[in-house]
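Labels run A, B and C following the written order; every chain starts at residue 1.
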């Protein structure tokens, strides 16, 4: 069976906390193997291409600056984009939240009498859970990205933002395609599986008159929209239908066309380890005789303006969705994407999701990191993810410490007491003595602790802990000084 | 019941302006650090070599030829492809429309008609050697977007003088063009591809499965 | 020979006047006093006049990284005030140095205390992680150490990325006589400690640890060393549980070790 043994929940409002959601994955060796394999391939390719780029750090600096400039002047750039796009025959819509965006899109589809749509992979549409709402309104959605087809037909959820089905291996894909496309004798060769997807979608591309897609960049200067892809399904959706509806977060703006000379150099290398992705399409409103003759773009806020308002967190919106952070993340490597309970997994998800939920949900995500900094190191727009994680952790703590039940929470109790102890050396030293006595109970003859109760059990499940030495360093230093300096040793 | 769209527009923009009120600098004040490589350092010959190398690395086929030999080389390549029906943009030079093949010149061809073509021949705006990228601005000789999309085999004519080394050099060339030209842009780096199944790169998904480039050695034009 | 003595003389002159204050860190003080003793042995051997402020406690890293920002303020303030007058602070823990460099400026900025801010600005350039102090300040790589063992080096994330220690640790270890340095695969991958992460996300942390142990064990080294005892506590705890015979050791203890006084004697 290809169906996952568990069904991942990617709605942050109801998803279980990260440590719990990670468990089924940690106990699924096949899935972990699939994830690690895919990540190793991308990481090796990325590493090689970044290495060959002599000006990589200068490109990162420029990319970060361009995104920062775009965000700091976002209002003006959005209005510029709107004016140019409108002048070129596009229709610009604004949505304050997910519900607003869905309503606009459903209305547009109703005007088109659309019973089917073809769709380019877009994280933003997944963010507003567009597909289930379209299906509920009687609109059949055909995902056209290979990975999205695998997930849609397999009833699975994305676990990565660039390679959404990286947790599924070829024999699982074969099973899904054979079952859902009704193909007998399908081999598990990726070439054959890809060919099956091509013929499965070809007629849809040629006949469905409405497409829904996202945007990688909006260019304020020209009013153009850019979509970056590999398979050509994007070009199909952007070119063949009569009507194109694009959904884009308001943060996607770039000031100038020329800015792409930086963004496209860093994006493909970071995302798939290619010098350039096979296809990038840019269009501006409507071009008579070429492509869709009706173009609508929905600009979505959905919490972004609130992130924008916060000094430390604003950098979150620089993100260009390359997924380099999750590929580099040692936590993601173990858990895959589903554990994050959101369509945005990995380090960027750990900071973006709780903020999009306005810190009402997904509070476990800022803790889903060892703060190792690998994400920051690879981020092409230099988002200091550890810095934002720590900022969000303090917001979570500030929320939680008001809760009554936290009074006896060992973590809260412990850290508060520790803070008091650290405020006076004598208190700290007294606590060390007490701690030694207490831990002495658990320390074995070999001088090691093999088992602890309570929160400590999480440690001793897999590791021992060395027992506390008899003499602290400061006690040794004092004794040495009293004995007359260096000779004491 | 639901707020009218103009109200929501104002609401979103107001929030955005309020959120950035205390942001660092205005657009005019900010000087962006652009210390990355703008101009390439390769000789003209090495630049072309790199373009060819990168195109091949991403599974495109490349044939070189002298300018005067181009029509003959096109014939040769069309024959070699084993295909017979070819689409062509309306502005494609007449001497490129090799005799002996069925040509569908795009004067409002329908999607179905284009889909029936086995291949397509187009010009292009620019080649970027660093990434092996071909840029189409969809002018009369480059064709509508759909034209270079549906046929499974794309033969693209690239002149050596159109090849730049770095991506920023392409953008400098755009500076000299009216904005209208960049209204529609397609960048192509190799045939369509996917790595969605176990990160195995598979050539050819929905876009053309075969990209063939004739690189015309018109160096004197530089 | 003449060159050697001149450079040796220069070194002695440079170090002679060097005074440094040791910030041992709370967990080293409590759990790894041998690391502190090794730092003392090493630096005094090199001629540094060491000082130890007995009122020191903690830099605030655990609180800050767990989200207890309000609590970490007081510890940051305490550290800055305690060390504002010293010539140099040496800290044998890369993550604590990272805390001070990366987070103190933000904390102090938030406190809005201008005098504290200028004190921090003046202090920061004088805060050194141990290997930085040796290679950058004392400009010494050969510390005269002797440690005849097969050793692998684990680059703690904070040392690697925040402090950008680069090849400093390798340069120091290369000059240790008798030491056989075995490279560790996936050097840039976290061991899964992450402070309270190891408890809050115990299972994930354990999975990361297991992956790291694989890499460590295949080196066949007798010792795994690092510049941060927090990673070593994590790795050492698992090595003790699973692979008896391989141990962790802070690099200070290797560098302090000589023929006359081997590491075991300091420990």
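What we mean here is this: a residue touches a chain if its C-beta (ideal position, glycine included) is under 8 Å from a C-beta of that chain, and two chains touch if they have at least 3 such contacts.
Source: prediction; values computed, not measured.
Undergrad: Compute per-chain Cα centres, compare each with the mean of all protein Cα atoms, and return the closest chain.
TA: A
Undergrad: So which chain is the furthest away from chain C, centre to centre on CA atoms?
TA: Max centre-to-centre separation from chain C belongs to B.
Undergrad: Using mean CA coordinates as chain centres, what's the gap between chain A and chain C in Å?
TA: So the centre of chain A lies 33 Å away from the centre of chain C.
Undergrad: So what's the Cα centroid distance for chain B and chain C, whole Å?
TA: 53
Undergrad: Identify all positions of chain C at which a residue touches two or more other chains, and write them in rising order.
TA: none
Undergrad: Taking the touch rule as given, give the residues of chain A at its contact with chain C in the complex, in rising order.
TA: Residue positions touching the partner: 18-19, 22-23, 26, 312, 330-331, 333-335, 366-374, 376-377, 387, 390, 392-398, 411, 415-416, 418-419, 421-425, 428, 432, 435, 448, 450, 455-456, 458-459, 461-466, 468-469, 471-478, 486, 489.
Undergrad: For the complex, which residues does chain A have touching chain B?
TA: Against chain B, chain A makes touches at 34, 37-38, 41-42, 54-55, 58-59, 61-62, 65-66, 68-69, 71-76, 78-79, 88, 93-96, 100, 103-104, 144-147, 150, 163-166, 168-170, 173, 190-191, 193-194, 197-198, 201-202, 205-206, 222, 224, 230-233, 235-236, 238-240, 250, 255, 257-258, 260-262, 264-265, 268, 272, 274-285, 287, 289-291, 299, 301, 305-306, 308-309.
Undergrad: Quick check on the complex: what are the chain C residues that touch chain A?
TA: Residues 24, 26, 28-37, 40-41, 44, 52, 54-58, 60, 62-71, 74-75, 78, 102-103, 106, 157-158, 161-162, 188-190, 192-211, 233-234, 236-238, 240-241 of chain C touch chain A in their complex.
Undergrad: Taking the touch rule as given, give the residues of chain B at its contact with chain A in the complex, in rising order.
TA: Contact set of chain B toward chain A: 2, 5, 8-9, 11-13, 15-20, 23-27, 30, 32-37, 54, 58, 108, 111-112, 115, 128, 130-133, 138, 144-146, 149, 167-168, 170-171, 174-175, 179, 182-200, 202, 204-208.
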